[in-house]
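Heads up, the next two complexes both have chain A, just with different partners, chain B and then chain C.
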Partner chain A sequence: MYNAEYFLMQGANGLVIGFLYALMALGLTLIFSVLKVINFAHGEFYMIGGYISYFLITVVGGVNPFLGIIFAMVVLLVIGSLFEVSFLRPMHLGSVERPAEYAILVTFGLSFFLQNLVLGLAGPFPHRTPSFMSGGIKIGYMTLSADRLIAAGLAIFLMVGLLLFMSKTWIGKAMRAVSQDKDAASVTGINPLWMNNIAFAIGASLAGAAGALIAPIFSFYPDVGVLPSLRAFIIVVLGGMGSVKGAIIGGIVIGLVESMGIALIPDMSRALAYRELYGLMIFALVLLFRPRGLFGEAQ
Partner chain B sequence: MKRLMVVLLAVVGLVAAGALAADEGPIKIGVVLPMSPPGAYASGNPMWWAVLQAVEEVNEAGGIFGREVVAILGDTRGVPEEARAATERLITKDKVVGVIGNYHSSCALAELDLFKEYHIPYIGAEPWADDVTAKGYDEVFRISITNSMYTDISVAWMVAAGFKRIAAVHEITDYALGLEKKLTAAWNEAGMDNQIAFCDIKTEDFTPTLIQFMQWDPPADMFFGDITGPGSYLLVKQAYDIGFAPSPDTVFYATNACLNPEVWEVAGEAAKYIVVTQIGLPPSAYTEVTNRENEKFEKAYGRLMNATVMEGYDSFMLMCEAIKFAGSTYPDAIIDALEVMEWTGMRGTYSFPYGSNNPVPEDQPDYMWHQWPDVSEYLFQYTEVGQSPEDGTVIWPPVFSELPEGQYFIPVPEE
Partner chain C sequence: MKKASLKKATLFVGLLLVGLLVPLIIKSPYWLHVFVMAYFYGLLAATWSFLDGYAGQFSFGNIALVVIAGYTSGLLGTYTGLPLPLGMIAGVLAAGAVGLIIGYLCLRFRGAYLSLFTIAFAEAIRIILNTEHKFTRGPCGLRVEGLFGTSSQVPYYYLMFFILAVSLFMMYRVLKSRWGLFFKAIREDDEAASSMGVNIVRYKIIAFVVTSIFCGIGGVFYAHFSQMLTPNFGQIATMGLVIGMAIIGGVENLIAAMLGGIILEFGLEGLREFGAWRMVLFGGLLMLVVRFARNGLLAPVYKKVIGEEV
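What follows is the complex of A and B.
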């Protein structure tokens, strides 16, 4: 029989993973809320974040793993900004005939391009960046991986930082205005094109941060972003499309549900195999009773 | 009538000229491997590099019948439908005279009917599912181990080591599901309690299931991690991080994915003392070809070939040798050659004793049809962090073992 310690360990593991899921989803929801574009290359930004951190730490050498995260965020910020200007801006300028389909195709294309580019440049083998701190940290009678706890702590820091940025700064408020009504925002002197660019760059940067944070915990390889990106889509819809708060709560819910689902299913042979199903069941239930998601606003 | 004869003769002449022209071109051999996502491209790419090394050598030696040999790649991406399409393209568009390769059993199984339909010889490099050769197709040969052969050797060690309680994680693939059936049956027959979990091949976080395994009282004395992708290294790391295995209580038995040097980068010290299977000859029994080709490969790619990569080289060279032996690129001649010839490659001396001339005897399983029966499998334990498989301690089978029968290293508990 399982005891309380067992459930606490499973819950703590789910919570820690949930924060990392939330960070990944946050970038996706930010991009959607401002640009109204679903970024299908989000998983690849996450993958590139891991590689950038890895190359800085291992190839350049002697670099603190925390600096690797900052560097990954900066590089992804630039990549995101350039991609938005080059490929998504024409859509917002009205020079693309079917913008919705165009956005899907161009971000899908970027996803395949980046996967194969990295496969060609970095090779097919998986990598992992050095640990932030090896071993475990004892909390009560539980021992949790130090890397996971540090990554979760940094994810919380970044999420709080984003929330503050969105609510306290002029740019954050301007992005929220564009997400609510682009035309009204432009009347007040906000340039929606710039807000689109900043939102996409920050979204890509957050995905890169998630990749760099997870790089010491899991390994990364050219298609590592596929599953996290799929999970991020689920979280974004679960939390409410475009809702920052929803993405955070959704990430935590999915992390906990996956972990506790495995813990509670008595048939071990199926418990892990159905991991994604537990989150999808919650997702389906929320959509059934609250189609706009947990924190989504009615259109 | 005379005019008709002239036309017929002209047609025959044109066909003959075409055939002659085709015979004068390069000899094309198809290679089907997973080279890009979502397949096991970390295995497919080095196998392809090994094939390229073989191609270079064959051509440097003058080709076959003075003709250049070309390897044409079909990327299966590890997806059966794509594997089938790639194979059909190789056969019908590229006009290959034979096909080698495959890492995923599901891909090989999806292609088999094409080899039969087009009557094209195929040498399976790494598909383990018994059914690949059990179907008894004239065109299909295999040099890799089968799930059943692997089970027999591995379980023999587990019995000798005296394990009684086994926890296992299997990925959900054709190969692993087939292996799980064989292993679980063998464990049950040997009276070993077992707890089995399955997971998607892309799983990265095994911790919840490992925590579940740790609740088993008394603890498992062996943990079998049957994951072939990058998850295999994470499984090692996570099992160690939470104190499950390798530990004084529980041995970690890993699949041959942990032969790659990346196991140290990803799992670090967690991989010390894991038991790993190598489907090939132990270093003490390497052939001249093994040493020569490994050296060349290391120089070119900065890493040694593991047994899977050697299968890429060997299967391609074996196809070339069969064409030479047959003296022709006609399918029947190549198939006949493969049935009777012997050739020594990196993993031993290949032969296929059971085929059309010598049907599989009743006391032998069906998969022995066109199956290389002498596949060597040995088990070793890493005893140092960063060690290469060649330097690990061989623990099974007794003929190669460096330890007394059934013994293995147990990690010393930390103070």
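What follows is the complex of A and C.
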């Protein structure tokens, strides 16, 4: 049943999906490195990205799917920025006790709120946006769909774009300065509060892009963001909290492990369900043997 | 000081009396059922307050531990001839053992590892229970034996009330002991606590295991009360309710967190016709309370009336 072709196909599939995982994790790690906040609403930003592109393409109609992605990113940029100003900024002004707990609570509260808001507005039924393009690439007797390739290609494009933005522009450099040492950065005239805001908005927007990119591949519903956000947590822990390199490599590793792992369990429905569990095992192994992750700094 | 403890005693005796009298006044089985569930959520909110509000450890695992204890007892009842009380004890012990393993894995480090691991762990448990449906009956639900040979809600009411009162009393005693002081020291400043010779990892794990055991007690009761377990009870949304109840009540006050659980469960039940929108309201309230009333809504009232913290 399993031959070289099958593993090649699973490998290609895992790589493709791994780039999308990496995009999701990159947003999370950017937020963590600059704000020192773990965004528990990341999965809901992803979910909303999918809904926005669906709404534009299917309900409004006549919109190019690629415009749907851009629009989803812009809306999440705004949502992220507004949320950061109203709920996270007080933390960085020092007016909040036990900031670590506060950050989890307020982002988790947002996640609970958004999930139910979308449930109330759009109902529990699954949706899927139309394909970007039909067809695909044949590998032996199996096909890698064009949608997956386009999604992975755009994910790579966005990640390269972010890396260039972080290394070439003033804002990108300023954000990195804040992530390394907030106080030193503010001495040089950088306002850390604005860098926090920009980082959170970009992070949210990347999650929204991941959601909009996946929307033609997997159907989505109000709590569709739960598993992708857990996966992003695991990727970030595996790669090292706050490490950009770690998020990208970790995403690809998890994508490959999951799709190769399917081949280990003969029963197909079990294999698909247990794909989600490999991440948790990796999490446990990281905690046991390398708590700072692959590329994290020692605490 | 003396006045405060008198007021406190009055409050506790009053709550006990009201609790004992409820089934004499309320005859509707539906509302008695709601009372039992409200006490169940009150217990869970108190366990969350115990861990986060006193020991400073943020977990998403309470409901997963409830589910583990419930399924352990339910599955033992279905597949082995083990007497029911032994199955229930096994359920509680299973929750404690899992708590010990998770605690050992995550609590040796600082940072958000516990929250990240427990949220992923809870989903994993849900996925396993759904997938192994031949064994667990999956989404169709596992039938669990009832505790009393009657369909009346009254014996369940008194049992849950007893569990709630005893659990709260025991948690309260633990928090008033030396352990409680260590927990508080860890929460306020773990580095200082460590330099004063508190073995912080050990006490963080102790706090987590104690919480797990009380979650297990709640879980075993829930299994044999509802007589039907489904994996999706363990979803993160349920955990969101528990956290929200503890926070809105007041997480730094065991009693306020418990009352938050009871009152909000009644509120959610009363608004049932609004479907998802009541949860939108709940989520919005949670965010606003966290942002503007960090001590919750009931804890400040408690402090004002009684004159001291719990």
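In the analysis below, the second predicted complex is superposed on the first by the 273 of 299 C-alpha atoms of A that agree within 3 Å, B and C clash if a C-alpha of one lies under 4 Å from a C-alpha of the other, contacts with A are read in each partner's own complex, and residues count from 1 in each chain.
Note that in this section contacts are C-beta pairs under 8 Å (C-beta built on N, C-alpha and C of every residue); 3 or more make two chains touch, one makes a residue touch a chain.
Computed from a prediction, not measured in an experiment: that's the story for all the values here.
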| item | value |
| --- | --- |
| Side-by-side fit of chain B and chain C on chain A, or clash | clash |
| Touched partner set for A:I234, first chain B, second chain C, both or neither | second |
| Which of chain B and chain C A:I262 touches, first, second, both or neither | first |
| Which superposed partner A:G242 touches (first chain B, second chain C, both, neither) | neither |
| Touched partner set for A:G203, first chain B, second chain C, both or neither | neither |
| Which superposed partner A:M9 touches (first chain B, second chain C, both, neither) | first |
| Touching partner for A:F113 - first (chain B), second (chain C), both, neither | second |
| Partner chain(s) touched by A:G136 [first = chain B, second = chain C, both, neither] | first |
| Partner chain in contact with A:R128 - chain B first, chain C second, else both or neither | first |
| Contacts of A:V226 with chain B and chain C, given as first, second, both or neither | both |
| Identified clashing stretch of chain C versus chain B [133-141, 169-177, 241-249 or 295-303] | 133-141 |
| Intersection of the chain A residues that touch chain B with those that touch chain C | 115-116, 119, 223, 226-227, 269-270, 273, 276 |
| Chain A-facing residues of chain B, complex | 36-38, 41-42, 44-46, 169, 172, 195-200, 202-209, 211-212, 215, 230, 233-234, 241-243, 260, 262, 265-266, 268 |
| Touching residues (chain side chain C, partner chain A) in the complex | 52, 56, 58, 105-106, 108-113, 115-117, 119-121, 123-124, 127-128, 130-131, 235-237, 240, 243-244, 247, 275-277, 279-280, 282-284, 286-287, 290-291, 294 |
| Residue ranges of chain A touching chain C (in the complex, touch as defined) | 38, 40, 86-87, 90, 96-98, 100-102, 104-106, 108-117, 119-120, 223, 226-227, 230, 233-234, 237, 241, 269-270, 273-274, 276-277, 279-280, 283-284, 287-288, 291, 299 |
| List of chain A residues in touch with chain B within their complex | 2, 6, 9-10, 13-14, 17, 115-116, 119, 123-128, 134, 136, 143, 145, 218-219, 221-224, 226-227, 258-259, 262-263, 268-273, 275-276 |
